[in-house]
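Each of the next two complexes has chain A plus one other chain: chain B in the first, chain C in the second.
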Partner chain A sequence: MPEQLAFALEVTANGLMAGVLYALVALGFVLIYKASGIFNYAQGVMALFAALTLAGIMDGQVPFSHLINAVFGTDVHHFGWNVPAFLAILLTMVVMIALAYAVQRLVFRHLVGQEPIILFMATIGLAYFLEGVGDLMWGSDIKSMDVGLPQGINMWIDETTFEALGYGFFIDNLDIVASIIAALLVIGLVMFAQYTKQGRAMRAVADDHQAALSVGVSLNFIWILVWSLAGFVALVAGIMWGTKSGVQFSLSLIALKALPVLMLGGFTSIPGAIVGGLIIGVGEKLFEFLIGAPFLGGATENWFAYMLALIFLVFRPQGLFGEKIIERV
Partner chain B sequence: MLYRESGDFSSSYAEDSQTFPIKFDRYRYYFVLFIAIAVIPFMINDYWVNSLFLPFLIYAIAAIGLNILVGYCGQVSLGTGGFMAVGAYACYKLMTSFPDVSMLVHVLLSGLVTAAVGVLFGLPSLRIKGFYLAVATLAAQFFLVWLFNRVPWFYNYSASGQISAPERTFLGINITGANTQAWATYLFCLMFVIFSAYVARNLTRGSVGRKWMAIRDMDIAAEIIGVNPLRAKLTAFAVSSFFIGISGALFFAIYLGAVEVGEVFGIQKSFLVLFMIIIGGLGSIFGSFAGAAFLVLLPVVLKIVGVDWLGWPTDIVAHLQLVIVGGLIIVFLIAEPHGLAQLWRVAKEKLRLWPFPH
Partner chain C sequence: MNMKLKLTTVALGVTLAAGPAMAELVFPSLSYRTGPYAANGIPFADGYADYFTLLNERDGGIGGEPIRMIECETGYNTEKGVECYESTKGEGALVYQPLSTGITYQLIPKATADGIPVHSMGYGRTSAKDGSVFKNIFNYPANYWDGASVAVKHLLDVNGGSLEGKKIALVYHNSAYGKEPIRTLEELSKKHGFELSLLPVDHPGQEQKSQWLQIRREKPDNVIMYGWGVMNQVAIQEAANIRYPMDQFMGIWWSGSENDVRPAGEKANGYKALTFHNVGDDFPVFADIQKFVVDAGKAAGAGDQIGTALYNRGLYAAMLAAEAAKTAQGIHNTKALTPAQMRDGMEALEITEAKMAGLGLPNFGPEFTVSCENHGGNGLVAVSQWDAAADSWSLITGYEQSDQDVLTPLIAEDAAAFAAESGITPGC
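So, the complex of A and B:
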């Protein structure tokens, strides 16, 4: 049985790592939702878009080259240079900030005061739009992403666990790095929200738009800031997932993984996103290992998180850490 | 002038409460029905039916179903694809188990099966609201697709994991399988469209529909004035899933013939139908038709313009289509949150005054 136990432990460890990545995406949702009440379905596509842009810039691709070639009959595709990772990340961040500005200016400024569900549907539209633009800009082929993050099995953990348990754990270096970066990111965001002027303004907006407006906080600026932050989080998530499994369409589906995390943790809580991410990450891996693969024919990861969240919500509708929903007529 | 509401006097309650109380509307409706039933079947061939009419009719049923849930009852659902899959698989199991029974019965029964499943997944809506509910319905989407993929009983243990429709008849005419006539499949689907639109229209303007709308506008207030939220929400889920199930069954049996569940009834389908009712107009039966027509026509038109006229590669046109659909959703939500149906209402308003506007 220790063999089985060791397996389960390994699965748990991997689940925790996956959970951190889910939490990373969920974080982007929470940021926007708290500050503007918009449930941003496009977060996953933003991660894809950021990863595509980063890969495209690093590779020196000409944006919209397919479209240009088709319209003008030319044959351009590459500038012929390679941009170093650090510079490319900066450039991508500039693109994401420009995107945040455009989204705020062109879309959500016109939708102020609409019902939340209308805003949600607008973000679904945005997701389609961005996906199309991303594909048009950089082509839809699968790109590899290499910004110098370590990859492959961590030998130290492998050897240590082999000596201790007689069975070496397979844990990817990338997952460890991702967890550390995610932890740093969360600490950074919390510090930003607690100790800087803009961060405080952001929390004020999250608390009450009108009150914040009346003490002189610029809503427009804060919303652009929040969308840029979400773009930054999306970029980080895009780099992690892109390095892990290549930059391709399926990357945008991580948004779907993040949704149950949000439901579990509550839409308005940053700690909730993290705890929810860990619970879902471990839960779905363990469920697949213990029940899904042996008894149900596998691939239960697709729906387990949703079912867990659904059952959980029936008993606690606002999630683990969400604000209590008070309804009045 | 062109659109006149005056001079139309009703002399009985029945006349006063008919679906189209204005003569002009009524005759327009009869005219459309006449064209749809008696003209189009003689003019269409396989290409027209398969690329335009069948998808339009079938999506219209799904859009009506979803509109009842989202537009009238205010419960946002992203599980449409999953419920359509229930309809399709129920229809498949019925078709293969009872080969001699008419297709009409099979399709209606698959609607009922889907209604039952819909009620089951609608139960959490009593506790969960808003976004939480929208995400919770995704559980239905993913779970149902997984179920039909993994449990061999549903696809009769076929090697490919696909389901394909055997030849079945309605009134002795082949409407599924390889040997079908364009007009027969068209009329069979049209029958269900008329049925759904009729039922939906009359439900939504009766007491059931008013309860749904009360729940949509504010469920707590509705509860206080005596609407039972349990019954209102669950009937909305049941009726909505019934129509979605019918459309799923038709989509599989009549339109596609063979289905791989993850591909056909994935989450993209849920979004597609949701987009239809947003573009068409939430809370409007006409809007469901308009939205379905719009999103069925758009790819066809884009393909003709982009690929055939301009000679662009198909992948670029496909990407452009994403951009256009996404952009249109946003434009519609900003400019006209009530969709194409509202444009029609505005047009009527203008026609009423034409040619002497204020």
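So, the complex of A and C:
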């Protein structure tokens, strides 16, 4: 096999893996938008907050320790224990559910019936608030995220492709795990939506919340449920991205990677987020490999992802899997 | 009576306009304790503040004149940085250390017009080294081009004096900062015969798979990185993932803090970083900081950053500011200083080993002198290496001088271009 073709195949495989990671972030946006029509600007910060909370709990860190020490003149930082990863994930999920409850009760319940732009503005406020609270709660230092996920080159793929093609492919073990988890997550979310009472209620709210309300579905409960699910997705995304780069405030910027995925896949489709992520991931990596690096000086991925999404938008404004909304007057 | 009042008012106005020496020495600290880069901003700000606190508590200030440090949060945001400058310059600020290349570029014309010196230590506009053009801007003891040159010099040393036919890749933050070393490295590649490949990484640098796959394919002999923030941690992790030898991977000083290597754990062992100051806390001054600052409950932070690379950089920046202030006090025979006098002190600054040892900082930084023509020092840079097991950096070289034959004409060319576009007549 020609060397360039082998390289291109490796880039494609890595693009698919990167796409899954983008899709993980995009999923959180889709869940909330689908059920409540809110474009949640805070989704990236939720991933950061979840990852900070998980890392803090695992490390036995005392939340708000700087504040406590400043107010009471104490010197407490850690409880002196480490929490196992699984238990810490469960505790973090409890925090994310509490956050969902608080967001719904304190913010969005008071904004029912407001224009979408008002709701969007509220999520911007929420993003900055959460970033500040995360900082105050867990500090600004960069934390390691080690929940036991494997990282580094997958030797089996490296050796197998070397034997078959004469060039060993690099695939990161973490990306493989992320792909499996993303697949399980999507299957789980789809089954939840299809086969559970709460899932069907969620879909009913997504279709027509007034009709759902009229048949006895509690909007408050469904919205708390949806924000909790988005919190869970944010936690998964936070674990994956945090394992790659350490948990730090730049983690909130991963939302930028999700936007072209949403534009392409549609804001209302879970499969759309996955397919959109894969197209963006492969598209940007291949473009960088074939055109960006050799002819344009590199670093084309960020703008190319948005350009690709724009091209799709021109031909299909609702995105690949989005619902076409026709408003008749 | 009325005439007397008017005359008094006029006299007072004239005195104020002349810029009287203030009763305190005011040092603004443009810090970033919040936002995406807070993890790096906090230790620097702590080191900067703690050193001034030490001088106040132990020595009663500088030359008996108390220090007042004004901290202003920039969030590493250029607009906020300029706001900080505007809101604090009226307080009698003696020198600004913007701690951001973006803010530095904005402050160069403003501070020059206001007559306030700026010290961009290891960042900012490299050609500010030419003091005949940039009269109020200083960037001693080293700049980005010194860093690139000493990186190549180190590679020459470890490759038996020749880089002929070698491949060196530059992984850089795709910004004005990250692009700084390109021209220097291109010149050095011509001189030493190595092949240079450029790999930009877009901000923030959370995703670098393409760049590291390219490195895996092209197998460069060495990788130099000019990164910042999350870009550093991801690059070191990706290098570990593709099993790139860490001792062939070297970052500029902004890619050389504990924050950058710790997330990769053991796999970061052997990673190298350039530095223009020493590392660790094995210096007498830290005992004084513990006694007069931390134990006295006056530390700027939690006291947990002492001895880290960025804390030491903040402390070093404060030390250089204090020494320049002392020099200015000597030149002008006054304890209280104006910004113009501080500028004179910076321009006459001489850092010797004896002086550093006397400050409790033996071998902490390079010896250098500043002059009207040379605002950048002698371009002395060392290489440090990360020991993951010991969780610490250590210097593996002495302070080596950058290639002045290559850099001097480049600096002169860039400074001349700035002078022409700004209508400045160079001169000392």
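Simple rule for what comes next: the second predicted complex is superposed on the first by the 325 of 329 C-alpha atoms of A that agree within 3 Å, B and C clash if a C-alpha of one lies under 4 Å from a C-alpha of the other, contacts with A are read in each partner's own complex, and residues count from 1 in each chain.
In this text, a residue touches a chain if its C-beta (ideal position, glycine included) is under 8 Å from a C-beta of that chain, and two chains touch if they have at least 3 such contacts.
None of these values were measured; they are calculated from a predicted model.
Asker: A:W223 in the overlay: touching chain B, chain C, both, or neither? Say first, second, both or neither.
Answerer: Once the two structures are laid over each other on A, A:W223 reaches no partner at all.
Asker: If we overlay the two complexes on their shared chain A, which of chain B and chain C does A:H77 touch? Say first, second, both or neither.
Answerer: second
Asker: Tell me which touches more residues of chain A here: chain C or chain B.
Answerer: Comparing touch counts on chain A for chain B and chain C gives B.
Asker: After lining up the shared chain so the two structures overlap, which partner does A:F49 touch, if you call chain B first and chain C second: first, second, both or neither?
Answerer: A:F49 sits against neither chain B nor chain C.
Asker: Quick check on the superposed pair: does A:A18 touch chain B, chain C, both, or neither? Answer first, second, both or neither.
Answerer: In the superposition, A:A18 touches chain C alone.
Asker: Does the superposition put A:I118 against chain B (first), chain C (second), both, or neither?
Answerer: A:I118: touches chain B, not chain C.
Asker: Applying the touch criterion given at the start, work out whether A:F321 contacts chain B, chain C, both or neither, answering first, second, both or neither.
Answerer: A:F321 contacts neither chain B nor chain C.
Asker: First (chain B), second (chain C), both or neither: which does A:I254 touch?
Answerer: In the superposition, A:I254 contacts chain C only.
Asker: Could you pull out which residues of chain A sit against chain B in one structure and against chain C in the other?
Answerer: Chain A residues touching both partners: 66, 132, 135, 140, 297-299, 302.
Asker: Quick check: in the complex, which residue numbers of chain C touch chain A?
Answerer: 33-39, 42, 174, 198-202, 204, 206-207, 209-211, 213-214, 216-217, 229-230, 233-234, 237, 240-243, 259, 262-263, 265, 267, 302
Asker: Enumerate the contact residues on chain B facing chain A in the complex.
Answerer: 76, 124, 127-132, 134-136, 138-139, 142-143, 145-146, 149-151, 218, 220-221, 224, 267, 271, 274-275, 278, 310, 312-313, 315-316, 319-330, 333-334, 337
Asker: Which positions of chain A touch chain C when the two form their complex?
Answerer: 7, 10-11, 14, 18, 66, 69, 77, 132, 135, 140-142, 144-145, 151-153, 170, 172, 241, 244-246, 248-254, 257, 285, 288-289, 292-293, 297-299, 301-302
Asker: Using the touch definition from the top, list the residues of chain A that touch chain B in their complex.
Answerer: Going through chain A, the ones touching chain B are 39, 66-67, 70-71, 107, 110-111, 114, 116-118, 120-122, 124-133, 135-136, 140, 256, 259-260, 262-263, 267, 296-300, 302-303, 306-307, 309-310, 313-314, 317, 319, 325, 327-329.
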